[in-house]
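Look at the two complexes coming up: subunit A is in both, with subunit B in one and subunit C in the other.
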Partner chain A sequence: MSEVIINAENVVKDYSLSQGVFRKKEILRAVDGVSLKVLRGEVLALVGESGCGKTTLAKIILGLLPQTSGFVQLNGQLLNQIPRLKLAKMVQPVFQDPYSSLNPRKTIGSIITLPLTVQGDRNPQTWENRVRKTMDLVGLHQRMFHQYPNQLSGGQRQRVAIARALINRPAVVICDEPTSALDVSVQSQILNLLNELRKELNLTYIIISHNLAVVEHMASRVAVMYFGKMVEEAETSTLFSQPKHSYTQKLLNSILTPDPRQGIPDKLKTA
Partner chain B sequence: MSDQVLNVEKLYVDIPVSEGILHAVDGISLHVNRGETLCIVGESGCGKSLTSLAIMDLLPKKAVRKVNSLELCGESILECTEQEMSDIRGNRMGMIFQEPMTSLNPSFTVENQMVETLSRHRGVTGQEASNLAVQMLERVGIEPATQRLRQYPHQLSGGLRQRVMIAMTLLCNPELIIADEPTTALDVTIQAQILRLLRELQSDFKMGLMLITHDMGVVASVADRVAVMYAGQVVEEGPVLEIFDNPTHPYTRGLMRCIPIPGKIDRTKPLGTIPGMVPSLVGEFSRCRFDGRWESGASGSSVKTTSLAPLQGKNRSFSVDESPKHFVHFCCDDCLHKSGHQIGEDLAQ
Partner chain C sequence: MSKTTVTDDQIPSAEKIIATSPLYLLLNRSVRHFGMTIGGGVLLVIFLMAIFAPYLAPHDPYDFDLANKYISPVWAANGSWEHILGTDGQGRDYLSRIIFGAQVSLLIGFAAMLISGVIGTALGVAAGYFGGRVDMVITFLITTRLAMPVILVALAVVALVGSSMWIVIWVLGLLIWDRFAVVMRSTTQQVRNMDYVASAQALGCSTARIIMSEIMPNIVNALIVVATLEVAHAVLLEAALSFLGLGVQPPTPSWGLMISEGKGMMFFKPWVIAIPGTALFMLVLCINLLGDGIRDVTAPENRN
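Moving on to the complex of A and B:
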């Protein structure tokens, strides 16, 4: 039942920063020896402050960046041995900003069809039907098939991004801040949609977010990153009730509860 | 001296677009008391930011502002010339924007920018101005302030930049600060620090703070009063406790359903949503602004209703449960009846 779908061991990613033409290059270690297992059907949340390496790790798992050392396995197979097209069929991203992740000059229909074209799907006559079915699945109206992204609201655009990710029926979807560019009323619609789709299509999610309320609502397991390292990993309820690492405590302590009686959380008294 | 730092009555902002006229802000009235935090919440496009720009008279050129009265500390600033307005902005009215990177000038040091504010508004220059700047940076928790003063904005982190913005705004000891999403671009841990700082400074300096946000967590933590905006209008306003405990307008109720509350999350149930979309604000309204956005299955019996007392001289505006400060405004009779609240007898006349 609990089969490991993604297994990352000791992943390191270095960026070299140019300090000037004649100066020595400096190394920035964005991801520093992260090991991670993701089980099929679970929702793993990656949390941490900006610049802690969450997105870099996600890009490595998506095969968009090569790691400096360590390895990532998908379904037991090494990531760099899987051909790009096949990898893209198994792992798909949904990005933060639906305003910049959709090509403004393509219609919604062609945006969602593109992954089928790229994969060289053999039955072009079924494409439109499948796209329309996926649009139904994510709650997009059929008349939007011929519309352009600028005619859609933020929430609808994010639905298009989700439809595009799902058209090839991937096993893993990596959502990088899927709702932080959206309004609260739309955020809840998208979160509900992601949850329904996960049950319906037996998806595995990696959700990157710094909204801890969203994480608590969505995730079954949470991994906390801090300066490129994985500092804590636990079941959601355990992590929220008994945070161990001091950074996790600080993070949980800064949640703003939508309850006017609680006020701004106090500074954490650390020894 | 008046206790109201800011008083706006019947503010309209119209923007001509190719399809007609966009009524971005549609007759809103607001006030901020001395030492009080008013939070304005609403979805994107509901006119929150344009309201603040209209108050500062910083609207884009093609936008048209109409307002019945606009008072800063009891004085009307409606007839001010551009010269007089720029004496007020940054001096008596400060503004903090969402993106500290884009609101600081990247080619000048923090010192240049802070001293400029002082010499423009207070005529303080040279060493004296630098000293004041250092004091203010220390006040907002920047250490070591003398070193930071010589740095350029790109050498500072997001949280530090926002602190510099706040320090700059406070230099001239303004009566009112308008903060437009001051923490949206920051990390959660930094967000709490900045909000705590704003709150502290506000009570020290006895300023009025108008905070624009869409994060209910921020609202609950810092607000004294809340104004909920929807489609260019204020639909509900009142003390923060009353808004959270007894949301009365269907839109406010919808917003409250949408937010996952940490610690009270039932993961087996989907989150509440507001169905439908924000209506287009172009042209005149023929239907109710809230049409198609009612909670599905919300019938009269399942919804909690409260008693409303009509406000004198205002159509479809009511005070809630006889509270002197909690008001709700409906856009039309249709949504008023649909909400199922009991209305005091005065309406019949």
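Moving on to the complex of A and C:
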């Protein structure tokens, strides 16, 4: 039995919709009482339709958004009591769009070095080593060190984003749809890279995805979110063979298959 | 027919072709940008003219000689090489006054731009980055400022406090920050929603570091364009204030003041206002050309 690394209890996030001082307060509840446990070393997939609160939950776990109520524990420590820099060494994100996740004004080298400088490493000698090692690890050529993001392809950019997330060896990596902005042929490369890195560095992943094929390939456990609530949570094989919640069933029925005779799934089939 | 022989040193090595530094590429693109070359070139000439004014001016700009007033420029029938651009109503050499006037225009333009740029950028970036209450307060400040007509307020303040060049600079600087604030606010809002800002936050960067190293480099293009526009704006406002008699005080040579002093004669001696008018036009045009050029050349999509 491995230890619980992330423990979220009853997390609620409200957004205030009203603007201006004198108007009535309107509230949108993006995450509605979600409880979640992630074990060290596992891959948890968060699935659900657009706007169901997956990304908001991820941002709360990353410490980018404060929750309205409930709490998140990392390694048994309350998230909002962990100092900024320490938290950064524990959880790191990989975002969906590698075109907006890299600062276009910085070289690849300085993007990958940033986590080291932020952590107070002032010695260029150790940067050099660690950056080169990390670049090798994610399959980036050394000559890209001095290039700018717009000189790289989508897959290469995503590798840079992964390198930046991994250089400080965090325990948890939250991948927010890591492949959906990429070319189909590159998607599998990135997924395989993530899988290899997980084994090599003993990482824990939370993968947010729309793509159930990705989920089946990567995840050991799946959590399904629907309108801000966690509606189902099960081992991947169990969920795919015996979905319980009606939304999960709909979701599984909507997968496109390569078989042309089955046509495009639509409401008729799921009804 | 002879064979063309190419020696080794004529072929650029592969390293030379690949390893061009970003600075070299930037310079290369700048030189190829037509508007920027022209604008920057003429602006440089005006700058040098202002700096070396005492050595370049053929006469003392304050030296009046009532016997020789309104001498026509050299291209007119009765012009002379003694006064290339003629003389004004008090017999002062027009060329010398134009040359010294460049000092006044550039100093007021750049100083007012710096003051307003610091105020406007600070407010705009704060509003765009923090949003919420901060944004509401700053937006209110911006709308309040936009509700005040610049010329009117400047006239009122200058009339109350008295006018000198530094008062004009401060009044303009404290008045024309609105465009900086508006543009910086909206560009910061755009950049702030980028994932690389979220990444920097997740990496534990401080707010100051995020603003300086993630936000600023990505809004500096817009900043440069607004800054050049505001230099031109300030130059024109100074000319307008001087024209109305509340800017730089005579006998200081200022292009706006020269137009003002010549307006009585403008139907009889049109060059009296045409010459400082052209100088003003050229300066404003060149600043704007340079600003557009800088924006084009430093755009990241150009970097390849």
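As a working rule, the second predicted complex is superposed on the first by the 256 of 271 C-alpha atoms of A that agree within 3 Å, B and C clash if a C-alpha of one lies under 4 Å from a C-alpha of the other, contacts with A are read in each partner's own complex, and residues count from 1 in each chain.
In the analysis below, a residue touches a chain if its C-beta (ideal position, glycine included) is under 8 Å from a C-beta of that chain, and two chains touch if they have at least 3 such contacts.
Everything numeric here is computed off the predicted structure, so don't read it as measured data.
Annotation for the three-chain superposition on subunit A: subunit B and subunit C fit side by side.
In the superposed model, A:A213 makes contact with subunit B only, not with subunit C.
Contact with subunit B, but none with subunit C, is seen for A:G154 once the two complexes are overlaid on the shared chain. In the superposition on chain A, A:F240 makes contact with subunit B only, while subunit C stays out of contact range. Within the superposed three-chain model, A:R105 lies in touch with subunit C and out of touch with subunit B [touch as defined at top]. Using the contact criterion defined above for the overlaid structures, shared-chain residue A:S254 touches subunit B, although it does not reach subunit C.
Vertex at subunit A: the C-alpha centres of subunit B and subunit C lie 80° apart in angle, rounded to steps of 10.
By the touch criterion defined above, A:F95 reaches subunit C but does not reach subunit B. Using the contact criterion defined above for the overlaid structures, shared-chain residue A:L191 touches subunit B, although it does not reach subunit C.
In the superposition on chain A, no contact is made by A:T204 with either subunit B or subunit C.
Nowhere in the superposition do the C-alpha atoms of subunit B and subunit C come closer than 10 Å. Common to the subunit B and subunit C interfaces on subunit A is no residue.
In the complex of the two chains, the subunit A residues touching subunit C come out as 20-21, 59, 62-64, 84-85, 87-89, 91-93, 95-97, 100-106, 114-115, 118-119, 148, 150-151, 161, 164. Put simply, subunit A touches subunit B in their complex at residues 49-50, 153-154, 183-189, 191-192, 195-196, 210-214, 216-217, 240, 250-251, 253-265, 267.
Interface residues of subunit C facing subunit A in the complex, by the touch rule stated above, are 136, 194-196, 198-206, 209, 213-214, 217-218, 300-301, 303-304. Subunit B makes touch with subunit A in their complex at residues 43-44, 158, 187-193, 195-196, 199, 214-223, 240-241, 244, 254-263, 265, 267, 270-274, 277-278.
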